[in-house]
Amino acid sequence: MKLTIAGDAREFEVGIVSRDGREVRAIVGGKQMVAQLDPLADGGALLTVGGRRYRAFGARRKTALLVTLGPRTFEFIPADESPRRHRRGLATPEVTAPMPGKVLKVLVSEGDAVEAGQPLVVLEAMKMETTLAAESPAVVRRVCVASGQMVDHGAVLIELSPPAGPSAPESASRDQ
Amino acid sequence: MKLTIAGDAREFEVGIVSRDGREVRAIVGGKQMVAQLDPLADGGALLTVGGRRYRAFGARRKTALLVTLGPRTFEFIPADESPRRHRRGLATPEVTAPMPGKVLKVLVSEGDAVEAGQPLVVLEAMKMETTLAAESPAVVRRVCVASGQMVDHGAVLIELSPPAGPSAPESASRDQ
Amino acid sequence: MTRRLTKLLVANRGEIALRIVRGARLFGLKTVAVYSEADASGAHLAAADEARLIGPAEASQSYLNIESIIAAAKASGADAIHPGYGFLSERPEFARAVREAGMVFVGPTPEVLAALGDKVAARRIAAAAGVAVVPGVESGELAAARGFAVQHGYPILVKAAAGGGGRGMRVVDSEAHLEAALEAAAREAKSAFGDGRVFIEKYLARPRHVEIQILGDEHGGVVALGERECSIQRRHQKIIEEAPAPGLGDATRTKMVDAAVRLARAAHYTNAGTVEFLLDGDQFYFLEVNARLQVEHPVTELRFGCDLVFEQLRIASGGKVSAPPVPRGSAIECRIYAEDAEHGFRPATGRVLHLSIPGGPGVRFDSHLSEGLEVGTFYDGMLGKLICYGTDREQARLRMVEALGEFAILGVTNTAAFLREVVASEPFQRAELSTRFLDEFFSAWHASDDATEAAAALIAAALVADGSLGTGSIDAARPIGASGNASARSPWDELKGFELWSRAR
Amino acid sequence: MTRRLTKLLVANRGEIALRIVRGARLFGLKTVAVYSEADASGAHLAAADEARLIGPAEASQSYLNIESIIAAAKASGADAIHPGYGFLSERPEFARAVREAGMVFVGPTPEVLAALGDKVAARRIAAAAGVAVVPGVESGELAAARGFAVQHGYPILVKAAAGGGGRGMRVVDSEAHLEAALEAAAREAKSAFGDGRVFIEKYLARPRHVEIQILGDEHGGVVALGERECSIQRRHQKIIEEAPAPGLGDATRTKMVDAAVRLARAAHYTNAGTVEFLLDGDQFYFLEVNARLQVEHPVTELRFGCDLVFEQLRIASGGKVSAPPVPRGSAIECRIYAEDAEHGFRPATGRVLHLSIPGGPGVRFDSHLSEGLEVGTFYDGMLGKLICYGTDREQARLRMVEALGEFAILGVTNTAAFLREVVASEPFQRAELSTRFLDEFFSAWHASDDATEAAAALIAAALVADGSLGTGSIDAARPIGASGNASARSPWDELKGFELWSRAR
């Protein structure tokens, strides 16, 4: 399966080849690896890979695969489920919330022509403000949120159309 | 429903009459009571009864209903599921293990006539010995365990027959 | 003691509400928890003797709603209110409302809160008490700020007069950004504190943040319980604190303690408080007074073997402060946040699906977390505080590394792994501390791109996908121990993935 | 230090294995856990760097199997072995086997263990060092016992020469029971220790059990870390311990400490150990030496702010003992057992379905428990130790009452509620302590037959039955994170309800 890390563009490939008792054979990024899985009473397991031993817990949440190795957390999204932002050439790029929070201000209206770097939306999360700006010239196709609204991570805030011609802009960048 | 406490002869009666949001109406021992149930994130709940507030957790295990109120644990067995020991007049009273442990010695054989107070089986649990003795005269009908065997709580160890006539003995008492 | 308290309302939530309930029970008080609709299944409710709903999720309508809290206190028969930290804790109008309702406010008087809560006024009190302050100008006007910058040079710091915790604060590197910074700081300050006033201070390049814990009673007694080093900050928010401050000389410590006590006496300070200083070499400057219990109070408790909430309640009952115990050993606290340290520390949310809490000697975890708890974004994202004690700093530090290694939260991305790398790092071991620590040593931090660990994580994910790891039956979408609100969720929420907010309605 | 250790094998299980792993990691050692087939999913495995299977569930074939443990140590490259408490911890032959395998035994030498492990020999060493011993006769012969009883009167105490923890011990009230008691004690001793020798001591009516913690190094240095009061015992098994001993005068404490240090020097004692005394008024009598880390060591750690496992490893590395820290405050420990206190303390078993662990200031929980863990009867039924610290005994006591109130285990009947009633009781508050405490104040204990609480429990049960309380989806019969053994369960087991033993095969 192809996995991406939530909030990250990189793509990884992993597959379980076989399981025989504690022994797990997997292919990671094309390379064959042998791991050992020792389940523990608390629902977790000891996962030994490459001579290193990790305390692992895991669960599914919707399409995401959640994993902890020691204190470190991982949220993997199957590649075909990951958000469509950051894809070039899309006719209606979406400006999505980079984190859950509250929409403080919507700075544009539908039909507005915007320039690269022009602020579109101000989000507040954890009492810190984050301004989302256009990455390239575009036209505001749709405003999906209103000031004061709470939004989840990944929620679509603004839909943009290309300003002219077929070369679409790249959605939005984050500017703190 | 009728409930007994594991290891206890008393029988209790309880029934839920209605639930309306947090409010629970129940009949306990024939008396109507109003309780309040506030579920918490950790799977437990706050249970308020008679002006007192308990932190409660609960689960089923096989037929048993497990409950904690604060640090106190309760194990209820539906009355029709509770072991048949301690019932008078039974033709084949069973001597059951009062706790999980190891059979250290079996002191009688099938067909033996035993007197009241005569030791039948020595159990070891937590490295402490417990002797199970006959409560009244009887005949050993069947020996169900062998020395060295591990037994669970409630396991039948010895079956007894009445020594004569229809008035059966009361299984066994525990003697430490 | 001059008055006998019987029942305490805790006007807060999360770990500090639980902490205060524990201290109050120890003191022999009945306790009343309050909660917003978003916290209806929280742990602090369970610990208290009773719990009262004070409003919807929005803090302005619940934890910041003075009327609602006073009404809950009256209805429950409470005779005292502990404000915790944040929320209403330093609002003079709240302390006044408590007093006017005939109850005891566990903290300083409204007058003291008003005087010290205004950073500009506090600067004046400090200066009058002979305590050095950071050079600055008591104005948020563009012209005044420009003038100060011309005189002292950039960078300068824009601070909210009513501020705290880094909110309404901006470092300005050059004149080009000055106006925008003044506006943003004022807007943030207005939003966070309802008071948009800002002022200007010289920005010290590499100061340490060292603070003194004080306790003052109604009889004029003031004692200090040593210092805490809180230099490791991110966005002006402390994330690692310790006591004692590494390498702090006895002479400097004594001077700082004396200055703090002098200031507290001058301000007629009562109850627990903290005098914050910036330390630059051996020079220290008054920063502000936090007129409440601090998040980081446990490091002082471990070092002094005391219970600061218990002491607060003793003082609130009219008791006198006693000579502080002799300090011993070293303590470090790490604040674990629901943030993705590997992706710009963006806030994270989710339900706690598994929780591994470290234990054993010298390890304390103050938290309201439990499995099943939904972590949202209505409130501060601190999940808990891990505090470790050692006979010396190095033992406390190593214990923290091990304890963070045992820590795990499945379901909420958090900063535990990041904190572990910081505490395990050489700069931290060598105590190269300043408020610039994270910028200097962890600015572009990314978890070690260790191929083995990456492979292990991917294999673990694949094992989750095929059902070999984790309880496949955990249905994160199903509310566990749900309040009645859960069933009110509309299909629209499910479709749009707004799950996180549904419980708030 | 004269030798540098790198890897420690922990020859134990449960909470103490986890405790030792934590101390060893702090000391900078790699750690190796060992486990029997019954413990394949235990917490102490996860904490260590590696884990090795040493045999089937029966202790005689695993945790008491010297060959298997030495083999595991050699295979893992360990250079030291910590025995914990119980099991092989005080067996001279184990210490000798470790030494002969070229590894360091974290404890006294085999010679010292042999001398002190024999209670009769230990009595002689104590007497020679000028330490008073309880009057007794060093024989288990019926005639000798009768003669002693005639001279000193009943009750008398039959004790196993190789004993400990109340095993192989019998109080005899009259001659009628003497022969049976001698036989039962000898049988128990033979079974528990492989040595059936018993001897006789006068049974003191209401003594207190007070013990001194000592540390000795290879260079002749011996220090004492104060005393622990362990009078609250059930069946000669300590269940509540505290430090300091309430009301113990400084003069008596000094005498006891001096006696313990004198004895330790006379015995050439190295590493951590405990000298146990019976205290009768101001008179104290040597009882025995526990030549290992004690279960109750945390109360000393909290009072002295030290880590005894860390100190053990320092000594085992050839380090010198240093002057003990200045003690502070008061600490109490409660041992929570898997027993039904309301039904004669019969052992309980089951899977942990929910676990609520108290936290906050001054609360420590040492335990290997986790949700999902199956508690069986192969080993000691101790589920964990709750330890509370306070500035004085009363604060520690109240904190314990509150902490036990927050504690809950669903799925395994346990003694937490009983312990809470004991600690909350007036006799405990007044410290009316003797080893007869439980007989005197809690002999026919039954949880308060409170009608409201009984009704609440029944309503809760009915709510469980109708699915309103608890995770209805918890399938206790389904092995969670099960080892491969679980699938080997035969249908016969299910039918007969022998579930508890199935994993052992």
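Quick notes on this structure:
Order of writing sets the chain letters: A, B, C and D. Residues in each chain are counted from 1.
In this section, contacts are C-beta pairs under 8 Å (C-beta built on N, C-alpha and C of every residue); 3 or more make two chains touch, one makes a residue touch a chain.
Computed from a prediction, not measured in an experiment: that's the story for all the values here.
Between A-C and B-C, more contacting C-beta pairs join the chains of A-C. In terms of the distance between Cα centroids, chain D is separated most widely from A.
Chain centres here are Cα means. That of chain B falls 29 Å from that of chain D. With centres defined as mean CA coordinates, chain D is found 51 Å away from chain A. Each of the following residues of chain B touches two or more other chains: 39, 42-45, 55. Within chain D, the positions touching two or more other chains are listed as 406, 471, 480. Within the complex, the chain D residues that touch chain C are 18-19, 22-23, 25-26, 28, 47, 298, 301, 305-307, 309-310, 325-326, 328-329, 357, 359-367, 389, 391, 395, 398-399, 402, 406, 471, 473, 480.
Of all residues in chain D, those touching chain A in their complex are 40-43, 45-46, 49-51, 352, 370-374, 480-484. Residue ranges of chain A in contact with chain D, taken from their complex: 21-22, 38-46, 53, 55. The touching residues of chain B, counted against chain D in their complex, run 1, 3, 6-8, 12, 14-16, 19, 24, 26, 28-29, 33, 35, 37, 39, 42-45, 47, 49-52, 54-62, 65-76, 98-101, 124-129, 150-155, 174, 176. Across the complex, chain C meets chain A through its residues 167, 184, 187-188, 191-192, 235, 340, 342-344, 346-351, 353-354, 356, 376-377, 380-381, 404-414, 416-417, 420, 447, 452-466, 468-472, 474, 476-477, 496-501, 504.
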